[in-house]
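Look at the two complexes coming up: subunit A is in both, with subunit B in one and subunit C in the other.
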Partner chain A sequence: MLSYSARRIAQAVLVVFAVTTFAFVILRAVGDPARLLVSPEGTMEDLQSLRRVLGLDVPLWQQYVRFIGHSFVGDFGSSFIHGTDAFKLVISRLPATLLLSGAALLIGVPFGMLMGVVAAVNRKKALDQIATFLAVIGRATPHFWLAIMLIMVFSVQLRLLPPSGYGSFAHLIMPAVSLGAGLAATIARLTRSCMLDVLSQDYVRTARAKGLGQDRVVLGHALRNALIPVVTVVGLQLGYLLGGAIITETVFAWPGIGRLLISAINNYDYPIVQSAIIVIASAFVLINVAVDLVYALIDPRVRYD
Partner chain B sequence: MTDPVASAPTAARSSESRGISLRSLLRNKAATAALVYLLLVGLAAALAPVLPIVSPDKQNLRARFVAPVSQAPAAAGHPLGTDQLGRDILSRLVNGARVSLSVGFLVVLIAAVFGSALGLLAGYLGGRVETLIMRITDVFLAFPFLLLAVVFMATLGPSLKNVILVLSLTGWVEYARVVRAQVLSLRNIEYVKAAESLGAQAPRLMAKHILPNIVGPTIVIASLHVGSVIIAEASLTFLGLGVPPSVPTWGMMLATGRDYLAVAWWLSTLPGVAIVLTVLSLNFLGDWLRDAIDPTLGRS
Partner chain C sequence: MKRGNEPVNRLARRLWLALLLALPLQALLVHAQQAPVEVVIGLTDDPPSGDPHKSRGANGGHLLYNVYEGLVALNGEMTEVLPKLATSWEQVDEFSWRFHLREGVTFHNGEPFNAEAVKYSIARLLDPNAVRLNSGYKHISEVEIVDDHTVVIHLSTTDPMFIERLPDVHMVPPVYTASVSEEEFGRNPVGTGPYRFVDWTVGDHLTLEAYDGYWGTKPVVDRLVFRPIPEVSTRLAELQTGRVDFITGVNYDTVSVIENDPSLRVESNSGRRTVFVHVDQLGGFAPLQDARVRQAVSHAIDRQLLIDGVLNGYGTPLATFFRPDMFGFDADLPAQAYDPDLSRSLLAEAGYPDGFTVRMSTSPTTVTKGDEIAQAIASMLGEVGIKVDLQVVSDQTQRDTYLGNPDKTSGAVPPLFMWNWGSQLPDASSPLTGLLRTGGVTSYMSNPELDALIDRFVAEMNPETRRAQAIELQQFLYTDLPVIPLYLQLDLYGVNERIGWTARKDEYILGVDMSLR
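The block that comes next holds the complex of A and B.
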């Protein structure tokens, strides 16, 4: 278990390193930020000096060596636009993104599990069909469209919720619902099929034969075992929520990493883009490792060597 | 006595004839409705240039913001209304379908062929080639796919060609992994071993025994992949990083409709409905295909 953890973490570090390098190369392969940042009346000399200031005047490999050297001491450069430390700026947006992802998780997981359990217990009855239909629709709906529809109904028509912004509970509702709905659909589908698997197991039949009530059988015996694969998927989905938040944040003007990343891309603000990629990729990889380790802990059947 | 080598590929063939038939499709109402819908949309998209509809770019400032099924005189010829420049929504939706469907199917075709080929190589050759290919898929999987696409598009610039390139580049991974696993398990099955011991060369072994057996799983992944590619294209375009605004696309219609939510609900609603119905249909068909080809494949 210990050596497994060590190997998993080493792998994770390697992946983050590969992703960072990849992002560095591809970002510099095209486009010249200095040309965009220099004022239209600027001379050739202005352009050259700006390149020097931004560190873009040396060959690519030298920029890379410099970048790696600096990144070891936690220096990922300054934002070309804001002039402040890029990494710090990205980190300062992390709480907003985590709040949004966490809220989406809190909506998606319980709701999805409830739908899945209700569907499985009422297999082939009306409730199952309704739940399955909702899950199928949820899987086919782009969440940015759901976001726009929510804005149209609850902000434009009913004037109940603010259409965008950050700061209060009311601001959080629509972004979290639009991001959590797809998650609920995925979880519902998975919970249903896992529950159906478990409900046909011998130990569930034994529990029923002992005369236990439906609630005890479903909640005490079946759900606990059906949860194992669900936990894995929830962990992986948390990573995808971080990615999906890119669009949701843009739609709702939510001041998280995703929105920062998109505006940085539009401004050719490489240090910000790079830092955002590193932070998101690290979070994603970290979550995957954590899920694997938690998985090994909660399921005694899983053995690693 | 039957020749084990000659009868081997029929394992794949017989499972196909068991499931994929018009009769089994018609028994599944959702899949039938999905197929009818997709055929209609596909036909309309393919024939868009010759259909008797207005050009999607034709502006008419006297007929701006005409609501769908409106009885106003300006609404004549615009069954689904017009947008902020008086352009016909129906025509733009049909032309948007051209983009969505062609991106969806092209990307899946490229990704499936490329990914399967790499998976085949990895599974068959093993050794360093396998390690290299699998490590690359690890890196791709360790990264939120949308973020990857966003970064690619940001450097390449918005264009239809780049959208197809980027989504193919990020979409091949699952095919490679599934095909590799399939090849690894097939190599240990008796009839493949038998063929090998009878002296069959690698190309023949691949073509006659391995390939027919990986077609099924690949088609299943592919059919469910098309819908997610369509959503991905719409997402990128919505962010301004996908197909340029000059081309009518569902994603772009959604994005511009956002500015007119208070005056024209249909601008953002209708393209969204088009996306949902299309993806829904593709998923229904994919689910049916999966059950038909291989009932043992997971439902998750």
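The block that comes next holds the complex of A and C.
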């Protein structure tokens, strides 16, 4: 188990490094930040001197060597636009993103699993159809639209919740619900199909045959086995959430990583994009490792020796 | 208790109740009188930085122009220069100006404002080794300190618009600025303005508070809170629910929502940005090198229809990119006329009786609703036989493609593109040099005669001669059409009725302009 973990972590570092390098090259192929910063009445010389000040006038490989060298001492550069330490700025946005992701998971996972189990147990009955219908609606509704509708109803019409912002429980409700709804729908559909699969297995029939109650069969025997794919998907979704729910964060003016990233991409603010990619890639990779380790906990067949 | 006492008791109870209710109410009223007046403003994004020498754009300006001041300022319509940190000034000779500085002014941190601060601020703005927005100031050769409250600024070239340039040169406190890193300074700005910086959580809010030691008239509003709310419908919801008092970047389509709410109103400025179709004359696309074809394009466009149909009526058709506030504006030139028949005959005359196909590039945001405007133009051009192959790209791609393009003769870019210019000066020198003069960052033409005329106009110190040059330039722009002018783009704001405020041409929201109704 230990050597497995060590191997996975080494792989993780490699993945983060590769992603960062890829981002570095792609970013510089996409656009020139000096052109967005130069004064419109400026001259071509002004443009060139901006490139020099930003360190963009030297060949790509030299920029890369400088970037790697600085990265090792924890210096990921200053934001071209804000002039502040890019990595610090990204990290300062992490709490808001973590809070929103956590809240969305807290809404999405229990609701989704409950709906999935209820649907599977009541297969082809009214409850199943209702749950499936809700799940399809949940998947098909664009985040953006749901978010705006929530604001229209709960803020503008009913005046119950603040339309946007950050800082109190009331601010969290609508973003978390709009993000959690889609998540619940995904998990409900997955749980339902996994449960159906497991419920038709021999060992479930055996459990029923030996006289166990419905609750014990469903929760004790079936659900635990149906969880493995669900855990994988929850892990992946959490990775996406940590990358910043860009649309949700934008609509609700939530100060998370996603909004910072999208504005940095729009402004070709390389240092912020690079820092954000390092943070997001690390989170993604770590979650994947964690998911693999959780498998061993819930499924005795999985061992990492 | 006897029955007979009941009415008395009831009365007593009521009195008690009234008293109980009145007490907190009175306390509240007293509190309301003393509570600081706060105005919350919903912006489209965070200001980039509090560093006045490197921040830009309207969102940056909302912060900078409340916190900092220059030696002079422009009024809201940009037609008049007002004294600020300089009480008066005079021209010493063609190349130098003397400024008499206001006495008794302190920065928010207590540092005195004096000649040393002017010298330091201008030197910092001109630092060649830092990111600075100093393109318009590179001709400042020296700041000479005469005494503590007098400076002479020397220029290396003549500049008729030098005073009008100065509102953007914000004064910073030398001791504080030099003692902190650029990063720290950008996050904790200190100026002499009516508002001092309080706190800033990027992505959430920025708070400014009226500065007690301000030299001028104290603003009515004690506290300004700026909130970045990128999504336009969310900003509108915040305004409707009264949680913000003020929003920028109002969508032309949702104006009616604000107009129909009795507690809100729409404010619009007179427009700083001129919108036009720029023409690439260097890339080798033959038809557009003929002025008659450019005239045909211009006369095929119904500007009023664009304004009424796409922009909900907010816009003013233009004759050239000269704005009415600009020096030498020719009010006698009418907006370019819509005349498709004339268009067709001009095309035939130029040898394109059946029209031609041309690529055109636009983005939804470089120009407000740039995608819809360009689609409408494409269909208008189609009416006279010019088939437009329209490419809609992002604002970044649009700017990246056309701004500072190092190889303008390659012909790789679409020869027609939507562009705008928001000169900060009441003068056309910046669009003339940036858009038309050979070598300008977005110039796609080369005409030595025009270059010479522009050079004379930019440096001419005699107002009458300069006015004649301005008329000559407008005549040229009107007939040669190196860019095809469309309209002045107006900025819309949603404002709570409790606040008195009129929009400034320069797009900035200043606490000193606000009153309570």
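Here is the rule we go by: the second predicted complex is superposed on the first by the 278 of 305 C-alpha atoms of A that agree within 3 Å, B and C clash if a C-alpha of one lies under 4 Å from a C-alpha of the other, contacts with A are read in each partner's own complex, and residues count from 1 in each chain.
The rule is short, and it goes like this: a residue touches a chain if its C-beta (ideal position, glycine included) is under 8 Å from a C-beta of that chain, and two chains touch if they have at least 3 such contacts.
Worth saying up front: this structure is predicted, and the values here are computed from it rather than measured.
Participant: After lining up the shared chain so the two structures overlap, which partner does A:Ser49 touch, if you call subunit B first and subunit C second: first, second, both or neither?
Facilitator: After superposition on chain A, A:Ser49 lies in contact with subunit C alone.
Participant: Let me test your reading of the model: by the given contact rule, A:Pro110 touches which partner, first (subunit B), second (subunit C), both or neither?
Facilitator: Neither: A:Pro110 stays clear of subunit B and subunit C.
Participant: Let me test your reading of the model: by the given contact rule, A:Gly102 touches which partner, first (subunit B), second (subunit C), both or neither?
Facilitator: In the superposed model, A:Gly102 contacts neither subunit B nor subunit C.
Participant: Taking the superposition as given, does A:Leu261 touch the first partner, subunit B, the second, subunit C, both, or neither?
Facilitator: In the superposition, A:Leu261 contacts subunit B only.
Participant: Which partner does A:Phe284 contact after superposing on A: first (subunit B), second (subunit C), both, neither?
Facilitator: In the superposed model, A:Phe284 contacts subunit B only, not subunit C.
Participant: With both complexes overlaid on chain A, does A:Gly69 touch subunit B (first), subunit C (second), both or neither?
Facilitator: neither
Participant: In the superposed arrangement, which partner chain does A:Gly213 touch: subunit B (first), subunit C (second), both, or neither?
Facilitator: neither
Participant: Which positions of subunit A sit in both the subunit B and the subunit C interface?
Facilitator: 31, 148, 151-152, 156, 250-251, 266
Participant: Along subunit B, where are the residues that touch subunit A in the complex?
Facilitator: Within the complex, subunit B touches subunit A at residues 138-139, 142-147, 150-152, 154-157, 227, 231, 234-235, 238-241, 254, 257-258, 261-262, 265, 268-269, 272, 275-276, 279-280, 283-284, 299-300.
Participant: List the residues on subunit A that touch subunit B in their complex, please.
Facilitator: By the definition above, subunit A touches subunit B via 11-12, 15, 18-19, 22-23, 26-27, 29-31, 136-137, 139-142, 144-145, 148-149, 151-152, 156, 189-190, 193, 229, 233, 239-240, 242-244, 246-247, 250-251, 261-262, 265-266, 273, 277, 280-281, 284-285, 288.
Participant: For subunit C, which residues count as touching subunit A in their complex?
Facilitator: Going by the criterion above, the answer is residues 45, 48-49, 51, 54, 56, 128-131, 133-136, 182-183, 186-187, 201-204, 227-231, 233-234, 237-238, 240-241, 243, 394-397, 399-400, 403-404, 406, 421, 423, 429-431, 433-434, 439-442.
Participant: In their complex, what parts of subunit A are in touch with subunit C?
Facilitator: 31-32, 34-44, 46-47, 49-50, 53-54, 78, 80-85, 89, 92-93, 96, 148, 151-152, 155-156, 159, 162-167, 250-253, 255-256, 259-260, 263, 266-268
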